[in-house]
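To keep things clear, I will list the structure first and then write my remarks on it.
The chains carry the letters A, B, C and D, assigned in the order they are written, with residues numbered from 1 in each.
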């Protein structure tokens, strides 16, 4: 039974929206650490790999649609290296937190997951909010420092401090995460 | 903006499980009324069509997988006539109620939906439980009498009485529903 | 650590509402079995005693107010024998299910409770709905047959059958419950 | 019908815990602005006044207990001026967000509240997390700049920026809030 879940947040992104410029500069640096982390996660029996991605308000969209739109977007080079494998769990979300309006709490609880490992975007938004919702539910938290991307550097830094100080999260580099 | 949502519950079913015999006898009678109701719903601007279906514990499955498994199951004749159109909303659920662990409440609320119209299976289980969760959230409820299927006739009948008496649901035939 | 929770639902009732006549006839029969069950529960280290009661739409009301209004109501004889002890947990609820809009799931989960034992009113409404919400969250369920009260005998009976057949609940007499 | 709700978060605090020194220095500055804001709120028909306070893990505690323990704590001078009036709504919470495990969303929705006005403590914890949960549910948000208290000034400042920039919150002084 898995005891950790690596949760990849919102990395299927067409990068067409406002703020994309600030964001992509940060995302670029996460791709290689995240890609290697995904490789290691897939070799581990005690780590469940899970993608949670916004459906951007389209409730007719399923996983294939979200993958295709991200690949057809502005920056397929930021998508292709970290595409979800076919056999990994996938949840669509509708708002910032990966827990809100999804089966994530149910899934983690049923699988005996005690620790969530957060990667993806945006550090000071969806990552922070998902960490919070994990914390109030008493999951242990790791945040992969070089596999989360911010829009505003100061807020990204403050979010990491909040998770460290107020949610007892471990802030770790990808290379030491698993 | 839609003011009603026709919610089709758990009709993508491979019918391979226990109780399938009792269930399919009842489902057979719902297919033609439901098929016609779906046709009328698609012509109406004020009705949102929404499928909510169990993922049967497989979090890697998406809509296409659930459709294919139902079509590859024991009773494709009960699936093919009521397949979800490509452009309709679709939510995977993990337990009996269509509201539990899903974005259904969020979706209905954002779309201004005031009334939910329930069809599908099983009257005394997922339909009853979804009606309850709609009722505590103050949605108006219609249950399509000839488009819901039961396993146990007495419990199906009791469920309809409960929804009528205790949840102020209107129990209506498909022909008078829209 | 507790492994069971005895949950007393909506027994602080002024009995002034519609249907009170049908209800009180059934409640009368539950008082003595429930009173004895409460005594036994209080002696058990492995049973957590928990009252969950509707606030009847008054968010300024706290536990003392709800107790006093029930004692000042039409049937204090149905309230006084089963009043909550000062040192027991108490949650106000706002709708039918004891889980909706309350900290019940959080409390049970934090205390390591695996089994909920349901008593109170109304069998075919709040008891049934609370059982369902316990079931989707994978709690084991017991329903205390002679300590739950119905309004409609046929629906109360159907609710017990639904909990037995579809939620794997054990339907037990109070004398054999703990 | 109310269209705004002034939500006072965690101001019933015995101030005996870790970090209380850092916290109380900031709380001191909020008492007078908050006290005046409460006065104005009570005169307004379109503002609902609502206290949400942690039960500090004690599910037997009700409102009177939480008030008394705060008044019996280290800093009754920070509690007495802003005590909840008897006729205001009160919800106990169990974790950081005022929405988690409470009836807050239900209450706001039933009362037609569109805007939440947040005051209390701690800016970078419960206030931030409650703002987030309000934001994902599409409430408008105001944060009362001089009636929220932080532990760490830099994180308090970052939290205000996050609410402003990422949750469209208006950061306003108490004197211009109502």
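Assume contacts are C-beta pairs under 8 Å (C-beta built on N, C-alpha and C of every residue); 3 or more make two chains touch, one makes a residue touch a chain.
Computed from a predicted model, the values in this text were never measured in an experiment.
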Both-way neighbours, i.e. chains that touch chain D and touch chain B: A, C
Chain C against chain B, contact positions shared by both copies (same if over half, else different): same
Distance between chain centroids, defined by C-alpha means - chain A, chain C (Å): 41
Centre-of-Cα separation between chain B and chain A, whole angstrom: 32
Multi-partner residues of chain C (at least 2 other chains): 95, 100
Interfacial residue positions of chain D with respect to chain C in the complex: 50, 59-60, 62-64, 86-95, 100-103, 105-107
Chain C residues within the chain B interface of the complex: 95-97, 100, 124-125, 128-129, 132, 135-136, 152, 154-155, 158-159, 161-162, 165-166
